[in-house]
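Down below are the structures I want you to see.
Same chain, two partners: chain A is paired with chain B first, then with chain C.
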Partner chain A sequence: MIHISFEKRIYSSGFIRMSITICAIIFALLTGGVFLYAIGVNPFSAYFNVCSQIFGNKWGIEDLLLKMSPLMLTGISVALAAKMRLWNIGADGQIYMGACAATWVALTFGGSNNLTLLPMMFVAGITAGALWIFIPAFLKAHFNVNDIITTLLMNYIAINWVDYLLFGSWRDPNSLNFPITALFAPAATLPMIKNINLHIGFLIGIFIILLIYFLLSKSRFGIYVNIVGNNPNAAEYSGINKKKLIILIMMISGAIAGLAGVIELTGVHHRLQQNISLGYGYTGIIVTWLSRAHPLGVIFNAFFMALVFVGGEIMQMKAGLPVAMIYLFQGIILFSVLGSDVFAEYKLKIKRTA
Partner chain B sequence: MPDQLSELKYPVLELRNITKIFPGVVANDKINFDCRSGEVHTLLGENGAGKSTLMNVLSGLYPPDEGEIFLRGKKMHFSNPSHAINNGIGMVHQHFMLIQNHTVAENIILGTPQSFNLKLSEISNRIGELGEKYSLTVDPYKKIQDLTVGEQQRVEILKVLYRGANILILDEPTAVLTPQESEALYKIIRKMIKEKYSIIFISHKMKEVTLLSDRITILSKGKAIATIKRGEASINQLASMMMDEAGREEDKKNIFLESEKQPEKSSEEPVVKIKDICAQDWLGNQVLHNIDMEIYKGEIAGLAGVSGNGQVALAEVLAGMLDFTKGNYEFNGKRIDRADVIKMSKLGVGYIPEDRKKFGIVERMPIAYNFLMRDYTSSDFYNKFGILKTDKIYEYTKSRMKEFDIRAASEKTAVGTLSGGNIQKMILARELSRYLRFLLACQPIRGLDINASGFIHETILKAKQNGLAVLLISEDIDELISLSDRIYVICAGKIVGSLLKKDANIEKIGLMMTGVDISSCKNPD
Partner chain C sequence: MKVFRLHLLLIVAIMLAFTGTTVFGKDVKDLKAAFVYVGPIGDGGWTYSHDLGRKHLEKMGVTTSYVETVPETDSIRVIRNFARENYDIIFTTSFGYMDTTLKVASEFPKTVFMHCSGFKTAENVGTYFGRIYQAKFLTGIVAGYMTKSNVIGVIGSHPIPEIIRHINAFTLGVRSVNPDAKVKVIWVNAWFDPSKEGAAADSLMDDGADIVSITTDSAAALKAAEKRGKYAIGNDSDMKPYAPSAHLTSAVWNWGVYYEHIAKQVAEGTWKTNKDWWGIKSGVADISSFGDMVPADIRDKVNKKKEEIIAGKSFVFQGPFNKQDGSSAVKEGEKLTDEQIWGIDYFVEGVAGSLPKKNN
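Moving on to the complex of A and B:
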């Protein structure tokens, strides 16, 4: 008889964890393949086609990096909060509120010169993102109200608020009744990186991640976050003001998501409209899980999730698959990675007994 | 040797060549152990010697990798705890496994087969009978939360008796009891022995081990190194057998070091002076009642008491973690008005928390960063932008590790992977290496082996000699008497009284721990 049992690992190295995550992703792609097969698509040729489409030409890669930019920001936003065992499920709402505040600046000061408009939009967007999460942060810090619920619910308020403006006072009279604002002045456009069709939001994302990584591993701030995140009792013992830190970290997290909103607005859409976030906030959660909240891991996993996005779009166009397929893949990947955690903590032991 | 012994009595239980290997460590290495009916067989050993593993193997928690278990001559395989208890082997855990808001009777029958219609009165009668027989008196209709610790332990014992166990494993049963409660437990054990029960007794406390045991098996590093009959070895001999052979010579002579010099208290102002201090826990229950205490330079004040009588609250007030609601707190002549950990820490308060893993360290952080936990402003460790000077921190940590004999692979090792003794040394090193006037040491050697305990005590005494004021909070009266210059006794959040070292003995302190003030020298000044 074969006897299977789990045995606790004393220590699981970064290598083991990474290999397990990779196995989980492969497992997810295989499982997703079953669904593809079920609707009459050969999964292997589909995966191959998607990869060759994306990596076979410049536009494919540019599109990939373009999608990766907001995911890096929402990923690091969620990951930073996760370092303190806080969950920012509301990055989507902060994206909308950031974009909304930046739009107000663009519409109000549209005539400003090139040098001031864009920075003003950024400041407005970042502030709006930070303020939008302040309510959940305050409730969490002072009354221990569940941050998952509050940040999530704030999303719906933000999305409907933007809808209200788009269907109301901000609607462009020349939009043929579409719920969109007028195009912003050219001064409100994010500069491009030289020689490639990609805005500098990509570089901003990389910079923010490296900055957070540095602060977390090499500063007093990082020590605080590590202590509160890993052992709140020890924080009390060593005199760290937990409440202040919770509010600060959540507001930074919100600010980064708000920044993602401004970048999407000024780099991609150039006007406020519905669906400026394709669920980037939620995908950021998956990115965080895949990278186990390690800042550098966020870069790689934002790349991977962007691949899922772009791949899904290609299949949508080429094979006529529904958009739900993207979310299905995201879901399977998240499930696999969450499930694979068992193997990071425990060793599978197979014994043969007579 | 086993042949000679078995002529006297036939072993009820026999473990042969038990080996249990965990990844990276041999917890049990070919251990032989047996137990006869009507005897107390003690397992003695340092932490990590393999006692718990052996008992967990016996009680069916996990299977041995090698070896056999014989019960009344029959080979057994226990696959889970209920299998073991159905065969008469019951374990009384150190940490009680009781449901607080259920009654005694409900707790006792939990997990036993019962008819759909519970006949609680019948069950209670049986519990009453059992209780009377072995002086395990406890009201079956009372809820666990209304019982004292001693009573809760009786419920644990009743639980296994009710299920028909005749071999009882008692895992450090007196760790949470007052001396009087322990005495009562010894009586219960003796009664059960007369009724031909077998008791496997696990303990650290040498005195009770020599008092109770018919035989003692000493475990060290997963091996059974000797089995001794009653009266064959003295306390000190047992201690030295238990210890690591590389252990230092002086420790073999004495388990506890003695505090040598009485402090000169002269006209100096006390370092810590609290008057009329009251405090509440977070639920608003008053946990400290009008506490007065003075601790002087170069003095070790001991605080005796059964755990949960306000010791933690008092320590937290002194360390600046908990606000007091009434009273005066002066530190070095400076008035303290509200709880502020960072301020107290800067004024020179060092704190070794009772639950060292829960409060004292961050397990996942490297040793070096754990050294930063009590001082976030030192320019030795941070530049003016708050960026870490990592090289200096590592260098500092290395020197601390050397001085305090903290054994770890490197200064970057996660603290959580160290042994309890090394963790405690790390905390002590961190506190003593800062500017310090007052050290709060709560249960500083609880759960540590003799080598580490000796080192910790030695270091605290050295610090005292260098002029530190120390408050030593402990449940181990022997430890308190040997180290302290004066012993305060706390009960239900009140100071019952205080004794000078020369007047203190176990009986007096034990009685005071129950709330009776018999200190004739209440005011030693």
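Moving on to the complex of A and C:
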């Protein structure tokens, strides 16, 4: 008889985790390849096309990094909260509220000069993101109200609030009733990185992630966060003000998502409209999960998720795949990577018994 | 100008006949055409009808490609990628792609861009649309005859002039044969949202409507009508298969005719930026076959009206008709100009529903 069982790993190193994740991605590509083959597409040429298109051109990489920018910020936003076992499912809503506040600044002070308008928009957006999560944060800290539910539901309020403005007083009179605001003044445009077709929001994202990384690993603040996250009771005995820390962490998390909103607004769209966030808040949760809330892992996984999105589009263009196939593909990848978690925590034991 | 172009075409045609190869530009078979769609090609409506047009080009030997379900906020990358891949023509088929199309077009001056349903053009960006309001008028006549409750529901997508125009044409059709009928409008503020569309159809029927007509892209409302034994009118493509016992008729597109025209122009090198608005005469806009419940005499009347429109004897936006508030819009013997029809921003009498307030 062969007996198969899982045995908990006593120690799971970063190396083991990383190699398991890579194996999972390869597994997903193979499984996806079977589906591709089934509908008459050569999987090898499809994958080759995606890689040559993205990595064979300067602009392929630019597209990828552009898509990656908001995912890094929502990823680190969710990951920071996750360090304290808090869930910020509301990054999408914070993106909308951040973009909304920044739009208000742009529409009200559009005539300001280049030096003041952009910073004002950033301050407004970051503040709005932080304030938008304050309600769930306060409820969580003081009454232990489920943060998954509250942050999620705040999304719908934010999206409908933005819709209300877009279909109402903020609608561009020249848009012929289409729900978009007027284009912002040129002063509200995020600067580009030199010689690359990419706005500096990408660098801001990297900077924020490094900042959070050092805060968490090198500062006293980081020690507190880790204690509360790993052992809430111990935290209480050691005299850490848990309530204050919950509110603070969640507000920083919201502020980062709000920042993502401002960057998308000033770097990409230059106006407020529907679908400013294409589910970036939710993808941020996936990024966090894939990177197990490690800040540096967020960079890698934001890159990976951007690759999945942009690559899916190229597969449509090149191989004529239907969009449903792309969704299926993304599903397979996430399923196998998240499912592989079990191998990071447990060892597969195969025993022969008499 | 048109005469000149015709001459040019003739000369080209003669030269082609003599040499047997292309002299100017290239053969249609060497063309690459790309399509950017706002919905899935399986929506059964708007995007589906454009994709039929794309397949028509494929049959002619044109190499085509498409990306479906492209959100407006993500469209610039998709359009740009097609331009980078040296496509000769890029068709962007949603109003919301207007500014992104223009942006990419300014970066790729040699590529031809055709934006559907917008109003901004550039040297290498043309716009095109069809006078489907003529077909909407005809479907309105069917609804006017077939309603018993004298309440007809319309599901509005976005309150932009295009949709206002279609609802007006539909209402004028209804009222031309049934002046007592009312047209109720509910906005869903989306092009493709089957669950919202179905819910809107239900509330219109709760409100007394026995026929539901749509300006959105899915057949959800038709299915909702069929479930309750009511009638419905489809949009963009023949929606009969979705709800055979509810489907009266549909206002349909036939983009293949137009795409063929543009592809030939681009291949010949005669393409110039334009604002095309082809009507029922060209076949780009039409009405589908009728449902079994529509009696023969009504079919005849509708077909007769269609012939009149084709012959130029009948005109949809001809006076007299009033605005929603009862004030006169167009007097007896007058009609709206194309510019006025294109930018129409008021409802005609008989529409019960509101437009967003202007804030300028």
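Please note the rule applied: the second predicted complex is superposed on the first by the 320 of 354 C-alpha atoms of A that agree within 3 Å, B and C clash if a C-alpha of one lies under 4 Å from a C-alpha of the other, contacts with A are read in each partner's own complex, and residues count from 1 in each chain.
By definition in this document, contacts are C-beta pairs under 8 Å (C-beta built on N, C-alpha and C of every residue); 3 or more make two chains touch, one makes a residue touch a chain.
Just so you know, these numbers come straight off a predicted model, no measurement behind them.
Of the two partner chains, neither chain B nor chain C is touched by A:Pro186. In the superposed pair of complexes, A:Gly40 makes contact with neither chain B nor chain C. In the superposition on chain A, A:Ile223 makes contact with chain B only, while chain C stays out of contact range.
In the superposed model, A:Arg171 makes contact with chain C only, not with chain B.
Touch criterion met: A:Asp163 reaches chain C, while chain B stays clear of it.
Set against each other, chain B and chain C touch different numbers of residues in chain A, with C touching more. With both structures placed on the common chain, the touch criterion links A:Gly111 to neither chain B nor chain C. On chain A, the positions that touch chain C within their shared complex are 57, 59, 63, 66-67, 163, 167-169, 171, 173, 176-180, 183, 268-269, 273-276, 278, 310, 313-314, 316-318, 320, 322-324. Across the complex, chain C meets chain A through its residues 34, 40-42, 65-69, 71-74, 77-78, 80-82, 84-85, 95-96, 99, 119, 158-161, 189, 343, 345, 355-356, 358-360. Of all residues in chain A, only 7, 9-11, 218-224, 226-227, 230-231, 233-234, 236-240, 347 touch chain B in the complex they form.
If you check the complex, the residues on chain B that touch chain A are 22-24, 319-321, 340-342, 345, 351, 353, 358-365, 369, 372-374, 376, 382, 385-388, 390, 417.
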